[in-house]
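Paired with subunit B in one complex and with subunit C in the other, subunit A is shared by the two complexes that follow.
== the complex of A and B ==
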């Protein structure tokens, strides 16, 4: 088995990301300076380089004897992941400096994680997917525990680690069963196999991936981990991990939907539909009562996993496949810009104790947002844009994303899911707009807000522009997403 | 020669023990060991299928899994130490600052 050089060249974005991580690690060893402002800029530079390499690299197609496929779909995913990484790194720069915790490992781990996510976008083999998931997950476990002061980060990392490696073990056992049934772990070969062993194996793989995308009932870790992890890491997890996990879930679902006999493919679609339904219902329902904005965003990410699953289910109908796949990609792009921006505002407003070790219980309470409209009009406007986009109100990216997903669901005759999606979006508008009400209509709590670092300002400005541009003029990106949706044809 | 179905059954039993342990045990280290057990059950399954069919890919996969499990253990044990330093205990029920 030998691999031609061009197969490695096709993975240039991954090489750039992991090379950048190594450079940052070495800089920490060899540069004695305490000034570390360059590290975030380097991270942004490497993610831009990787995105450019992905976009300019074309679509070499199947590489490594079918284990991976570099096509327009994987390119789109890589660009989203790089954008999420760059924005999170900018948020991280300001956040970490304020806590005197800025070190090269943080950015190196984020870059390694992003390289796993980029690999996952092109995985067309279960073992390749497993290893990419582990590259991504192990980096994010370490990132969640990055702040070693206080109890919360270690606890968040612990919960993430236990449930993450548990789900990886389920996925791996499922892979083993699929290997037994199909004699191979390649997606192309799996599609030709059949039998009960294959169904059980694919089921276990799907459960493992459901943990990663945080779909109900495999969501229990999400609120605790999102709350306890450092806020920039939470932003990176919400954007990157979700994007990558949905990329591989979509590719795998397309294989399963073409399985024989048709009854097996149908039951797979039904299970995904059920997951989508309960994720939309419970995610929104549980978010309703949250006073902590960070926790509310965690529950809302479960709800958004539900909306994305609606798109995956819609891809089961051959006629709606292109629309469904492009809607998933567009939704992931819009969700990345919105959620990283929202977490950036949360990071700015986070209440801090008098000493670095103290962990105030109400660090992210809604009260922190009271009166923000008068005190910090720019910040309040940015948060309002993100909340409106998450709620799915025009003219924002979130609205177009939801519109495309529900259109795809309707053309796939999944009317029930589309209706539940719209109703739960209305429910979601309540808790998103509550934040806006607090910002503009409540008197300010007597408190100071620290200076917003320039890096976070840049991240917020970029995210706001992205959300509005995707909402007002979505044609360019949706055309790219349609081109990237060709994998299912 | 022991038939490969015996190995498959053993792997399934090991996997179930691991699954049960993760769900029911309250000591963090034991939960961690149960996860390792599940990974090794998957390895055994790969090897049994590989021997059954004469397909060598399963053997290679087992090596990849061992490497990944080692990396995971390194980070996992570091997190366990961080938990122990902040709380002085490894009991799951003590790890509950984060909740609704």
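== the complex of A and C ==
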């Protein structure tokens, strides 16, 4: 095989991200100073560069003989991933420094992970997708284990690794079956094949991807891993991994929906609809009983995967496809801004043990938020904005995202999913607003005000602005999302 | 200065400036000290007024100024592909909203200045709180006026309602005053419910609430156009719009204190007097009139609503004037007078003489603000006593207050040549000549009722003036009354001069006035052209009836009635009021008790709601909601949650097993349905 140079040029954002990772790795070797403040800034710089390169690079279209496609969709995904990376890096800077764990490896791993995510956004080949997933996953496995000082992080990382490998195996097995049926792993080709082998293959691939997006019942790893991983990493996983995995799931679902025997396409839509349904129900349900805010956010991310799956299901109806795809993209953008912000607040408030190795059991308990409205009005306001956005209340980004998704579901005549989505959103308001209640209506347990650094303040400010701007004036971004939705046409 | 983009960017600034003032004063005002608080609040108002002037230069030049509007906030497509709901943020200034803009910022600025002195007895925290609310009110009122859609107007509508509530209950430690605030709020909610019904009806007819788009949507359509899509498919446009506009008008009745929802406004006088002047006389209560004028092209397509507006206005004008006869509290007299004057404005917009309604809104803003502020000045002099029976002879003690109060009284009474005469007369003459398509007699009825109300106005206002300022002091306090500070009297003079000068707007179309005849009507014409086209046929105009006799009648009525008041309270007939009260004691009590409308509402509405609420609380809330929903559902859900958490015990093998089983189920489903 022979790839022209411009195919590589089209992947410039990925190149910038991996180049940045290498530079940060080398910086640890050559700049043996203890001052590492520049590392987070460098990470932010590289992610901005990558986003600019993606946005300015145009849409060269199909590259590498169809294995990847750089189009408006992949550009949108890349920009979201870069934004998530930049915000998480800012959150990470202060958090790591306080735990004396700031090293170049952390940022390098995040950058490598982001490059995998950016690749995944443009993958249109099962093998290409598999490799991108592995690039992304291995970095996040390592990041989850980045701080090995307690039992929990190590356990979480190990679980994530084992279960992740399991799902990768399913994905790879599915890929092999698809290849057997279609004689190719290109998305463009597999849509033309048929037969039970293809259906089983695609089913296994879908299972593997459902694991990555944390849809019920493939979500079992999520609460433990989200809670055990260092908070900035959790933020990065919730934002980046979800975005990238949904990007490839969407592209693959479009292939499956357009498969030749209509019954196969229908059965796919049914499976995804069922996953969406149980994810919305169980995600919200289980979040209800959580007292640890971090774990609550983990379950909430499962619920949000459910809402996003509603969008994917809506894309099965040709008439609603553009609306559905653009709603998914908008939802991902709004969710990224909101969830990174929410985890940033969690990172600020997280209780630390007296020594570095100690793990307090109630590190993220709701009580930590009591009286925050008086102690730190700015921080409490930011958290309130994020909670309200996650609950889907106007005028925040979360509201517009849900509006667009349910609207797409309604125009795809998936009324049941839309209704369940709205009802479970109402259920979700309970546990999101409980945080707000604690912040504003409970007296503080102590005068401790958490650990805040300028970098986190910047990240919080950016996230709040993004959430409100996307909620008040969503037109600019939703226009871009509509343009990016052209892949389904 | 006449660069349109400057004006455009100024639009949002207009709202943001007072909002910023409110924010600063609200957050740190109590630590800044009174002088700084006043500086910030007034600075914001001056800046807003100047920006309003910049914008208005554009409007005068014939250019409408818009900002935003194309940016959709959200846009929902219905199943049939039509826009179901389309909402945008946008501001819009044309000659109508521009005029209101000047009134709100101009009168608002004057009242801010007046308040610096009037409120100076408050402590620092109260002073800052007062100006916070006042600035917030101006921001909300400007949102109401500048919003280019019913939705944004509603945002402002609720905002001014909130500020009104906060300011009526400003002295909230007084239980009675706090109650008055709640009464205003609750009464307004009833109206707001109607407003929302109107907005939702309009959204389901047209899919948009933007004024420009609505105007374009009804252009060329008549009352009989059949709607083909949406919730009102099969209705005629006229019928659907009658529902929508009646809903909006219910909202207007609440906000603008019309029958039967006027009861909150007299009680709103519990607030500080500058608040009564700004919110409950000059600006907020006229929002209903503005709304009808703003959506005139919709009301014009619903003749039944127009007739309702006109009649409700006329009845309110008479009814409130009648109550005002019996009031002895200077602020209460002015409050009922406001209700009555708002009734006049609704006669105007309901009879299709929109410009006259708006003109009366403007002139009323000047003279009623002047009257209220004058009353405030009197209260200062009288140590917060508001009973006019305890006053008398204040004309020498408070010369400035007396002169300005007299000018404003003559203006509201309708003495030629003050502004009130022309605006009120334009309304009455216009109503007389109007022809409602549904109920042709409505204009004549409104004319008769309006003339009676005008006679009443002349009487009770003159009575109020004479009792307050003429004769000899009737109490010790009145003997030692003193004039207020220049900050207050200066504002009074500006408003008094304005209530004279505003006559220029309203000169009738007589030869001798040349191009000044109906200058305001001509100026407003583009705004109402569409509505007038619907009412009088495309291109047609209201028939020109410039008869002299309605003017003569109006003048005669005002003079006669004013003279009667003079005779009864200063002149030879001084014994008559007392005799009348003794001759008809039952009726007199009935009048003093404001015709017992509050008691009527208490009996039928409030009791009913209270009892209903008690039942709801005991049965629905305690048993159904608390028992089943609040405690039951979470208990069930939490139980389920605990059950599912059994699967979430951190055991890796079990996790893997869950995934494997689930994957098997997925494969079974896809194979079962998809392989064949």
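For this structure, a couple of remarks:
By definition in this document, the second predicted complex is superposed on the first by the 486 of 489 C-alpha atoms of A that agree within 3 Å, B and C clash if a C-alpha of one lies under 4 Å from a C-alpha of the other, contacts with A are read in each partner's own complex, and residues count from 1 in each chain.
We adopt the following convention: a contact is a pair of C-beta atoms (placed from the backbone, for glycine too) under 8 Å apart; a residue touches a chain by one contact, two chains touch by 3 or more.
Note that the coordinates shown come from a computational prediction; the quantities given were computed from them, not determined experimentally.
By the touch criterion defined above, A:224 lies against subunit B and subunit C together after alignment on the C-alpha atoms of chain A.
In the superposition on chain A, A:28 makes contact with neither subunit B nor subunit C. Looking at the shared chain after the overlay, A:176 reaches subunit B, while subunit C stays out of its contact range.
With both structures placed on the common chain, the touch criterion links A:199 to subunit C but leaves subunit B unconnected. In the superposition on chain A, A:263 makes contact with subunit C only, while subunit B stays out of contact range. Shared-chain residue A:472: touches subunit C; no touch with subunit B. Legend: residue contacts after superposition of the two complexes on their common chain; A:166 is shown touching both subunit B and subunit C.
Once the two complexes are overlaid on the shared chain, A:134 sits against subunit B while remaining clear of subunit C. Shared-chain residue A:157: touches subunit B; no touch with subunit C.
Touching of subunit A by both subunit B and subunit C, each in its own complex, is seen for residues 155, 158-159, 162, 166, 170, 223-224.
Those residues of subunit B that touch subunit A in the shared complex are 8, 11, 15, 18, 22, 28, 31-32, 35, 38-39, 41-43, 45-46, 48-49, 52-53, 55, 57-58, 61, 64-65, 68, 71-72, 75-76, 78-80, 82-83, 85-87, 95-100. Looking at the complex, you find that subunit A touches subunit C at residues 155, 158-159, 162-163, 166-167, 170, 195-196, 199-200, 202-204, 206-207, 211, 217-218, 220-221, 223-224, 261, 263-268, 270-271, 274, 282, 285-286, 288-289, 323, 395, 400, 403, 407, 410-411, 430, 472-475. Those residues of subunit C that touch subunit A in the complex are listed here as 71-74, 76-77, 79, 89, 634, 637-638, 640-642, 644-645, 647-648, 650, 652, 654-656, 658-659, 661-663, 666-667, 669-676.
Remark: subunit A residues 127, 130-131, 134, 138, 141-142, 145, 148, 150-152, 154-159, 161-162, 165-166, 168-170, 172-173, 175-177, 179-180, 183-185, 223-224, 227-228, 290, 295, 359 touch subunit B in the complex.
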